[in-house]
Amino acid sequence: MARMKAAIFVDKNRIVLDEKPIPDVGPLDALVRITTTTICGTDVHILRGEYPVAKGLTVGHEPVGVIEKLGAQVQGFSEGQRVIAGAITPSGHSNACLCGCASQDGPGTRHGFKATGGWKFGNIIDGCQAEYVLVPDAMVNLSPIPDGLSDEQVLMCPDIMSTGFSGAERGGVKIGDAVVVFALGPIGLCAVAGARLMGATTIIGVDSIAPRMAVARQLGATHVVDFKQGDVVEQIMALTDGRGVDVAIEALGTQATFESALRVLRPGGTLSSLGVYASDLRIPLDGFAAGLGDYSIVTTLCPGGKERMRRLMQVVASGHVDLSPLVTHRFKLDDIEAAYELFAHQRDGVMKVAITP
Amino acid sequence: MARMKAAIFVDKNRIVLDEKPIPDVGPLDALVRITTTTICGTDVHILRGEYPVAKGLTVGHEPVGVIEKLGAQVQGFSEGQRVIAGAITPSGHSNACLCGCASQDGPGTRHGFKATGGWKFGNIIDGCQAEYVLVPDAMVNLSPIPDGLSDEQVLMCPDIMSTGFSGAERGGVKIGDAVVVFALGPIGLCAVAGARLMGATTIIGVDSIAPRMAVARQLGATHVVDFKQGDVVEQIMALTDGRGVDVAIEALGTQATFESALRVLRPGGTLSSLGVYASDLRIPLDGFAAGLGDYSIVTTLCPGGKERMRRLMQVVASGHVDLSPLVTHRFKLDDIEAAYELFAHQRDGVMKVAITP
Amino acid sequence: MARMKAAIFVDKNRIVLDEKPIPDVGPLDALVRITTTTICGTDVHILRGEYPVAKGLTVGHEPVGVIEKLGAQVQGFSEGQRVIAGAITPSGHSNACLCGCASQDGPGTRHGFKATGGWKFGNIIDGCQAEYVLVPDAMVNLSPIPDGLSDEQVLMCPDIMSTGFSGAERGGVKIGDAVVVFALGPIGLCAVAGARLMGATTIIGVDSIAPRMAVARQLGATHVVDFKQGDVVEQIMALTDGRGVDVAIEALGTQATFESALRVLRPGGTLSSLGVYASDLRIPLDGFAAGLGDYSIVTTLCPGGKERMRRLMQVVASGHVDLSPLVTHRFKLDDIEAAYELFAHQRDGVMKVAITP
Amino acid sequence: MARMKAAIFVDKNRIVLDEKPIPDVGPLDALVRITTTTICGTDVHILRGEYPVAKGLTVGHEPVGVIEKLGAQVQGFSEGQRVIAGAITPSGHSNACLCGCASQDGPGTRHGFKATGGWKFGNIIDGCQAEYVLVPDAMVNLSPIPDGLSDEQVLMCPDIMSTGFSGAERGGVKIGDAVVVFALGPIGLCAVAGARLMGATTIIGVDSIAPRMAVARQLGATHVVDFKQGDVVEQIMALTDGRGVDVAIEALGTQATFESALRVLRPGGTLSSLGVYASDLRIPLDGFAAGLGDYSIVTTLCPGGKERMRRLMQVVASGHVDLSPLVTHRFKLDDIEAAYELFAHQRDGVMKVAITP
């Protein structure tokens, strides 16, 4: 049985490169040879044991590659085709999928819903920080890369762009809106780009790391706020002339950012939350008009599926959004442990790394 | 200057019937002679000093009456016409009104938004527990009562129906949904009716007071759950066969009901909150899928304006919803202090009282 | 090879009962033994050669039955289970499915869209007026029948209810709306029920056949209009006091009904079209405010998929809608030619027939 | 009584500059001294007698100016303030306004709706091609010009931008959509900009006039199609690789453009119509999937009101859209007859003219 290299979660603080069999291809699967992938903040949570996965699992959920082999029932694709798949790989047939909630896909459950059930790669099945990955429900999830786009150009589509844009989409950003994005990591930066793409005219990025704030401006932020330079709520209210924002996007996952997001909303505004939280959240009574402010708080897990990926790659192809500044470092798969070392400690101004087998 | 009787907030725990001048009618106002009004739970919060209003203010925000006098600029109505006005009386010209958020109306503010600013009667201007009330922005707010409907039949429209129905509307109830309503006071009961009216097929009412649970069944609840008879989350999950609900409506304003509402949602579901909270709220991490469950939490202040009132009176006229069981007691305005005494202590199975000058 | 009886399109005006092999079950299919099915108006168009299908095709697209055999890859169902499938059987994996437009499913096409592509049974694959039917993409399309519901109770779910309700849903019916439904055949009657289920308070049914008008009243029509008793537009405008309707549902497919539907809309209203048209349509300039009336015209093909079917069966189970008056005649499959004879000529007050093998 | 100059409709083919009294200011009005205005295609229809207005009416509906005098009841503005008002001036208090359909405002009608009733300037009341204009319902309609923006920069906001953007908004343009705009006059060009602003990635402009096609590219068109260079439907289908567009915007008002817009839609797509039609329209059966294609056809009249104007001026201020290339010619009000002569005959490559008193 042929074998391949893969980054495997062995134990807390140990993700190592090792060998595994190249998986067999079931009737609905596709085997994809990875040409480029990356490391996500979530992978770091896995590394640190903060998010539990099975020992021995291959990590990674952002695949760019080439179709090596198609399952017997898979139609509409051909071997050798360059493709991506989303970080979230819905089945297409659960009740969640059929009611427009595919990220909460629960194909094996009684009612077809499972919280975060659409996230499979590197969570409940082997992921893509490897030479090969098996894509489930391939007809739902494989999306051909348009001619002329490089691996790195589409590397953000599977997760970072999809998640970040969804912050603006679920927030219902409209032409002329004021939007704030809390935390300018890769997802927050994509939320900035998404707000810009949907017609927001005041876009405020909040962070304290200068290079991130500079990239935010490139991606459409009209203002940046350094939360270390004074009360963040006051700064944002001043920038909006006391009005507050229509949509506040939370892209970190902490009480402080969540609470500030709520406090800067105009009455009737929407808090669109993308962060992964680690503890209970508190909604302050005075920032919530005691429940009478017509506020909305919405949360979103990265949308997946081939149509989503097609649209995101169209955005890249259009040139309307240029995420290339996000890829700051490049590693071979053989050196992925070093990549984790750098990325987990956020050394050297790293934003995203490109990993190539 | 002619005088009238009015229920006036004097001090904590003292709302008394006294006399006041009948107000002058400004160009955009209408003076309405009250024929029936009622007391709201919010009035009890005012009575107890839990919600601050100015001493000397006339309380009450649910007017049914007859147009006594129209302001010079008011067109489209005639004196002697039977009308209601919503508890919330938007101006029609603030930015909040013009972007579909009229309850957060801030006509005198810099940007046209003010949290809960649309609530004026018995809050920032004299209310309608009196012989007369001055309706501001009369062309926006007066709504003629259809022939054949009695005062009591439309008495719930200004607040209770509008608020309760909005719980279902903002929750986005769809045909075939499972919905739960936490707390079966007058607003919760109207939320049950609203969910039924929008096509929900499983409607679970939660309370522990048997007569309220019985009315819930009349208004469309397919199941009732007594939260004193075992864990409420477990009971609801059992009734939905482990699936959870599409929409959970909170109609009380406590941590316990808010938290249970969140815990019974299916992934991707919506918590539609109507309650007025008295302290900070906690979002439990495990009931929130750590922020990744595609949940929505929406809050709503009672929608007002004449078109809203027109539609609610159409519902009454259609006979699709019969709220007459809600009016359990009747008082003369002269006896309003006794009405407060009864209502504030929830004696004698009171749900709503009708007050007639 | 085992054989079964099936109603087969042989030629114009000839649908005959004949024998065919029971089909083989592919990996994603399910073979369902039909216990009850029905004839649709569309089948009559096929019979008359007005809608082209391949000679030799088994007709019928409304299956109720029992799972006889599951494909090797089908999970989550068991043989012997009672199920229905929608008239429209989306694949779950086309781009159309993944962007919420599953009836326009084009799994074999370059871009994943095909107009009416989701309609397969009795159109491009063998249908269900037979002893057995092969359900494609079974995990997307099989929906278990809740305990306690009879075949006839769920017989309208695959097409009639789904289509009729979608008229109200796509029209965006809201609480307090005035709605008119043009033509009270089975689909129009279900549109009446759908409008009622979504909160419309004025529901006008238009037809000239008294028994249909009577059933419309049972299903929620507040008024019925006989188009032979005077100008239909004038009658509807009179019933709405000159205001017009918020939503007009067209359920026949003719110029006359389409045009009247447009003419009775209030400015900003929606024409929701369900009819299958046979010729070009004309939009009259004066009924269209020259393009400036904020009107919407929406068309809908019957929504399918198991989640849709689940919800419709919930409606039946709730007792909120009782469609049993629609089944006016019953036939054995052996007598299906007689059933076509009766149904095609609309003899004996037929609305829907139940066919049992 | 002081007098002012005004462009007055005298008779078919005669709009002349003459004198009129400066109007009195009612309690809810504002008198605005016009500093810049423009001529719209609709004004040319009026000139030619194709759209009827009263003889003696001042024409024009795109005002930029300074508040000269405020009505007694008008609050929140100050004399001397630079403002615009929308071409459509809703009352804020009709039922149409209160249900989100303000352009169909019917404040004087029985039910509060009137088709195109929100269009008052130069239609049913004196317009703004004059030294002064009386703005009705000033609190709803006056919108202060942000510091730093010139008259010409905001001159497109009252009509052209609002209408053009609404084509994209009502079409529901989403990130990654393919959009086509038929006819690249000023409104079509703004529709291109609106589609770009909302995230469309393929934007096809259709016209045959080279300078307009060039401006379309500046405003975001990714492709332009010359309808004289071959079948327009074929060209668009080729540019979308046979898929068709998600949204087709009609910005001319002819059968040819309407029909082509329908024919290039993907199944489930939306035709968003902005044109003013002069005769009945035909929906071709084969371009409409016989009513089963899940198509939507939506029409929109220019949205107005101060919040809309505020948002559009925010777009200008953000620099995201630069409409300055549209103003090709400038005239004094004294020379407005010459301006009409040029504009009506579309001489000298005119797109929009700026008129300054």
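Order of writing sets the chain letters: A, B, C and D. Residues in each chain are counted from 1.
Operating definition for what follows: a contact is a pair of C-beta atoms (placed from the backbone, for glycine too) under 8 Å apart; a residue touches a chain by one contact, two chains touch by 3 or more.
Note that the structure is predicted; figures quoted are calculated from it, not measured.
**Q** Provide the labels of all chains in contact with chain C and in contact with chain D.
**A** Common contact partners of chain C and chain D, which must touch each of the two, are A, B.
**Q** For the copies chain B and chain C, give the interface type as same if over half of its residue numbers appear on both sides, and as different if under half do.
**A** Mostly the same residues form this interface, as more than half of the numbers used are common to both chains.
**Q** In whole angstrom, how far does the Cα centroid of chain A sit from the Cα centroid of chain D?
**A** Chain centroid spacing, chain A to chain D, equals 39 Å.
**Q** Going by the contact rule already set, what residues in chain B reach two or more other chains?
**A** In chain B, 99, 310 touch at least two other chains.
**Q** Under the stated contact criterion, what part of chain C meets chain D in this complex?
**A** Per the touch definition, chain C meets chain D at residues 96, 99, 101, 103-104, 106, 110-111, 113-117, 119, 241-244, 253, 266-268, 273-285, 288-301.
**Q** Within their complex, state which residues of chain A touch chain C.
**A** Touch residues, chain A against chain C: 27-28, 72-73, 75-76, 91-93, 95, 97-100, 102, 107-108, 112, 137, 139-140, 305-308, 310.
**Q** Using the touch definition up top, name the residues of chain C that touch chain B in the complex.
**A** Interface residues on chain C, with respect to chain B: 165, 169, 174-177, 194, 196-199, 201-202, 222, 310-312, 314-315, 317-318, 320.
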